[in-house]
Every structure is written in C-alpha cells, then in structure tokens.
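Per-chain numbering from 1; labels A, B and C assigned in written order.
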Amino acid sequence: MIQIKGLTKQYGLTTVLRGVNLHVREGEFVTLVGSNGAGKSTLLRIVATLLKPSGGEVTIGGWPLPSHAHNVRRHIGLVSHHALLYGDMTAAENLMFFARLYGIDNREEVVSTALKRVGLTARRRDAVRTFSRGMVQRLTIARATLHEPDVLLLDEPFTGLDQDASALLNRLLLREHEIGRTILLITHDLIRGISLSDRVAILNRGKIVHTVTRDDISATEFVTLYQQVVHGDHVAELPG
Amino acid sequence: MNRSGLFWTQLRALVWKDLQIERHTKQSIGIMLMFAIVAVVTFNFALENNLGAVREVAGGLLWVTILLAGTLGLNRSFASELENRPIDAMLIAPMDRSTMFMGKVISVSLFTLAMELILIPVFIAISNKPFYRPEVLLLITLGTIGYVAAGVLVSSMAVQTRANYVLVPVLLLPLSLPVVLAAATGVAQYMGLNKPPFADVSATFALVIAYDLLMLAAGLFTYNYVVEE
Amino acid sequence: MTKLNRWSNIFNWLAVIALAINLLMVFFYAPVELTMGNVQRIFYFHVGSAWVGAVTLGIALICGVLYLYRPKPLYDILGMASVEIGVVFVTMTIVAGSVWGRPAWNTWWTWSPRLTSITVMWLVYVAYFMLRGAVEDEQKRARFAAVYVIAAFITVIMTYVSIRLLRDIHPVVFGDAVEGVQAGAEGLQEFSGVDSIRMVLTLNVSVVAFSLLYVAWLLNRYRLQLLINRANMLKARVAARMQGDSLSVADAEEMRPATTD
C-alpha cells in the first residue's frame, strides 16, 4: 500500500532523511519509532502529501508522489498532534465542513455516525474549544476517517493524553485496524508502538536502521534492542 | 461528484466555514469596525476637528481607514486557520489550492464589505459627501476585492515567516496602493455636486478592474506554491 | 566559476566603456534643448535607467515564473539579483527625475499619479527584501520570493499604464505619434531635424550602456552569491566537524551501518 524507496529530504544544508526504505502492506499496522529529530514527522508529512521529497520514490496505492498527490489524497487520513480542527466551530460543524471538502453525499448521516462512533454525539453542538484533550483527539479520528480512507497516518496522537484517553484512543485505533485500514503510526513511545502494531521500524538519523515483527519479540526485549540500535556505538557519550 | 460540482461544494464549504466562525466569535467585523471608528476619531483630531478639512479629504480618509482595518480582518481570518492547524487537514483533502484562495478572498471580502456598509454612512454623516452614489459604491467594492486578493496572497506567506503578521502591512500596503490610488481617484471625481460624465472616470474603472483581474489571476496560479511545501 | 569570472570581467569593461561613451555623448554630442537648456541632459540618464529598470524587473518576473515551474537555485539567485539591480535603477530614475523636475515644474517632487506609482513600485520591491529576510528555510524563501515577484510586477504594469490613462503632469516619452506631439508640447523639444536624430541616438546609447551595466552587475552578483553559498557550506562543515557529528552536511555517504546483527 505504501512503498518508500531511497527517500531523501534536505532542508538547505541539513539532511533529514537519508534514503529511507519502507514497505507497508495493505491492512498492515506499522509503527515508526525514533528519538526527536530522527526525521519521523518529516517522513509522515511526505507520505501525507504535505511535503515534497528531495529524492527517492514514494507510492501510495500505486500512485507515485508528489506527481499524483491529488489522487492519493482521497485515500489518506491524517491525525497529528495538532487537532487540525477549528476551535471556534462546533464538533458537528467541523465534521460537516470536512465532509463537504471530500464531496461526501449523505453528509448528515455520515457525520452523525462518525460522532456516535467516537462517543461525542452528546457534545455535537459544543465548540471544540471547550473540549478536553482526549475528546479533541477522538473528534480528530472521526475527522480523519470521515471519507473512509484506505490509509490512516498518525503523528504522535498520544501527546498530552491521560491514561483513560490513551486507552480509548488505543481501542479506536485497533478498531480502525480491524476494519482493514492500513495504518502508519509515528511515536517515540516504544512500548505502545510494539504492543499496538504488526511491525515496528526504528528510524535513526534519517534512516530505517531496524525492523521487527511484534510476534518475534517481547516489549522489554524491544526496548533493549532499540537502545542498542540507536545508541549502540555512542554509549560512552551518553549519561546513564 | 464530478470535478466542477466538487469545486462549487468546496468553495461554498470554505466560505460557509468562515461565516460560521464569524457567527460564533463575532470578531472579524467587530474588530475591524471598532478600529475604523477609532481611526476616524483620530483623523479628526489630526485635522483639528476642522469639518471643512475633513470634507476635503473624506475620500482619502475612507480608503486609509479601509486599508488599515482590512489588515486586521486578514489577521483574524488567518489566526483561525493556524490555531490547531486545520489548514493541514485542508491541504490533504482533494482540493485545488486555487479553491482555497478563492474561498478566503470571498469571505474576507464579505467581512470587509460588511464593515464598509456601516463605515460609509458614518463618512456621509461627517463629510456630507455623496458616497451613496452607485458608481462610488461600485468603485469601493471593486477596490476592496483587489485589495483583499493581494491581502490573502501576502498574508498566507507572511504568517509562515518569522516576522508573522508584522509583515502583512509592510508587504500589503505598497502592493495594494495601485488599486487603491486608482479607486480613490475615481471616488474623488464623484465627490462634486454634479456627476462627472462616464468618459472622465472610465480610466479609473479600467485600472481598478485590471488590477483586480491581474491580482486574482496571480493568486489563483501561485497559491499552491504558497501553501504547499 | 572561472568561465563566469571571465564573462563578468568582460562585461565589467564593456559597461565602463559604454558608460564613458554615453557620458561624452550626453555632454558633447547631444544638442542643447530649447526650453530647458542644459538641465535636459539628465533626461538621458533618467529615461535610460527607467527603461532598463522596467526590463530588469521584467526579468525578475520571468525568473520567478521559471523558479515555480522548475525550482532551481539559479533562477532564485538571478531573480533576487535582478530585483536588487532593478531597485537601484528605479532609485536612479526617481532621483534623476526629481533633479529634472526642479527646473521643469519648479518643485523637487509632486504627487502626480506617475510619480506616486513609481514610488509605490519602489516600495513594493524594497519590501521584497523584507519578505526574503523573514524566511529562514532556503527553498521556502525562494518560493515566496518567486510568488511575490509575480504579484509585484502588477505594480510595474500599473505604473506604466497609469500614465496612458490618467491625466498627468509627467511627459510621455515612449508612445505613439499623438503622444509624442503631446510630449513636445509639454516641454520637451520637438523631435525634428538633425538635433532630434542626435537626441534619439544619445538616448539609445544610454539604454544600451545601462543594459550592459545591468548584465555586468548581474554576473557580479551571481558570482558573489556562489561565493556566499560556498562559504556557508564550508562553515557548516567546520561546525559539524567540531561537534564531531560525522553525519551532517555532505557526509551522508559515510554513515555507518547498524551494528545490531
């Protein structure tokens, strides 16, 4: 579904991505972990058609980026650590607006089903500004899946969520996975990454340095492995 | 839905969204109007409450007020796009960037025109000049559209820079002056007791319309380079 | 780089020679104008720089369009250099015009539509540098500059059209026969006989000389920018070395493979 080959991205003299290779199969849930500045967000923004690559190939559902971004956009949904919603509009108005942008026909129905699915029907007439962080993130999921995208992209969606809200978001994500959406999640939370997804890729300094399948490894083993892969040759420089 | 059908749905959605935000917050028009009235009072102070002087320069004062108030309306409108970055969600939707430009131009123009609807009677009251003439209203409307088109283009860039909103007036005022000068010249010609023959003012109309078309075309063709990275 | 050095040297000399010839022609070849006297000689300077200034800004526009079509740094540098040079030419036009206006209109400055719009045009292109200065990312800076230059050119069109459409104190120099007669009536000498041929020739030489000056400046500016870029790259490389960060800058190839297997 998502095919990335030799992807590079430079900003002026700084190189953020140095030849990323990643293949995400249809219906697969892949998590990308890495420390701050590893290039995770840049990678996701390129896949989300928000950023143009400097080199390499990216295809989504067979469409090459950035030349066929217009065709790809219909099939992707994005959840980022920003809400991507209008704080001054109500929950229903926000969803209605995005439903119109996607040219969805039976909007009223689609919007109320979406609100019900994320448990926000009671708050549909309230301004998003008055929502808690967890509610905003649920509404964000509803927004990102309104047009039934094949691919769901998530950039640190757990930022700022408390235990309960995170658990609820976990359940929502797994449900999206069950109904067959391809999911690419980006997080710095190793445990969550390995427990949620089918496969975890470690991104370090602009390159994917290791990939593991969840069934092959336990969460603690994965954390040890990550430390080795990322800091292995620099241990002496790091405190602790 | 076919492509042109989708275009109209999206355009309506964009404008409707801005109107809804305005209905909830009542900020754009309110702030612009408040600023405009403060500006008018300040001008009177500068002209030493000399009604004769106000009358002489009423057309120019009106335009200066619109220009300055307009930058505030633009700021407000872009602030709502950047808080929580809904603009990213719009960018990944299957929508032409020129549609986004048109939507913003239409909604900000509507807000600015709404502000002018109240401002112009105020000017008629303090200067006793015939701003109500249809040709004058047409010139003001056309001038406003050109100004807003330049404003949307420039603001979209300015908010992505280090200097942020501060850059808007610095870039926008010079860039929009050609249309404002032409429109103000036209308005001034209508301020006399008798209406001038159309042949005398056709040049200003032509300049204003030319600027509008050129600026709208520039915006439509370049907007994807402004919002896309 | 060496080829560029050679060409910029050639054009430096061409520009110097052309300007010297132009100066000699303005003072010794062109006739004394009937109504204005010797002051009119600044007219060659004024019109020459106005003409080349407009062309320069037009080239900036073309560079902007080209950059958006195909984002190569070359177009950005040439576009920026053209705006810089264009601003200098427009400034020269305004100053020379003001010097001419003092005896002709008995004032250094008047807010006629033409003078107002050229001032506006000048401001628009000076603001271009404010925009560039406010953007950190190189590609974004180039993109915004290209978009801005396209919008800015509308003010150039308006400036050169406004004189045709609005009643103005400023004479028309380039235009059709009717306007030429108007210009004559408004203070410039009627273009007739040998004198007029000499005037036209001097004006043409001014335009050529200023055009050569533009090309020379453009090449020098381009060379300068390449040097700036190289210095920046070396600085970044030295900084990366000192931080012991072998990955930064152009060292991507030397990246060590993962050591887990």
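Following the convention adopted for this analysis, a contact is a pair of C-beta atoms (placed from the backbone, for glycine too) under 8 Å apart; a residue touches a chain by one contact, two chains touch by 3 or more.
Nothing here was measured: the structure is a model prediction, and the numbers come from that model.
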item	value
Chain with minimal offset from the mean of all protein Cα atoms	B
Chain whose Cα centroid lies at the greatest distance from that of subunit A	C
Interchain centroid distance [CA atoms averaged], subunit A/subunit C, Å	48
Distance from subunit B to subunit A - Cα centre to Cα centre, in angstrom	38
Cα-centroid distance, subunit B relative to subunit C, in whole angstrom	31
Residues of subunit B whose C-beta touches two or more other chains	229
Multi-chain contact residues (two or more partners), subunit A	none
Sites on subunit C touched by subunit A in the complex	137-139, 232-233, 236, 247-249, 252, 255-256, 258-260
Subunit A residues within the subunit B interface of the complex	45, 48-52, 70-71, 73-74, 76, 78, 80, 82-89, 93, 97-98, 100-103, 105, 127, 143
In the complex, subunit C residues that touch subunit B	68, 113, 116-117, 120, 123-124, 127, 130-131, 134-136, 140, 143-144, 146-148, 150-152, 154-155, 157-159, 161-162, 165-166
Subunit B - residues contacting subunit A, complex	1, 5-6, 9-10, 12-13, 16-17, 20-21, 24-25, 80, 83-86, 88-95, 228-229
Of all residues in subunit B, those that touch subunit C in their complex	150, 153-154, 157-158, 160-163, 167, 170-171, 174-175, 177-179, 181-182, 185, 203-204, 206-207, 210-211, 214-215, 218-219, 221-222, 225-226, 229
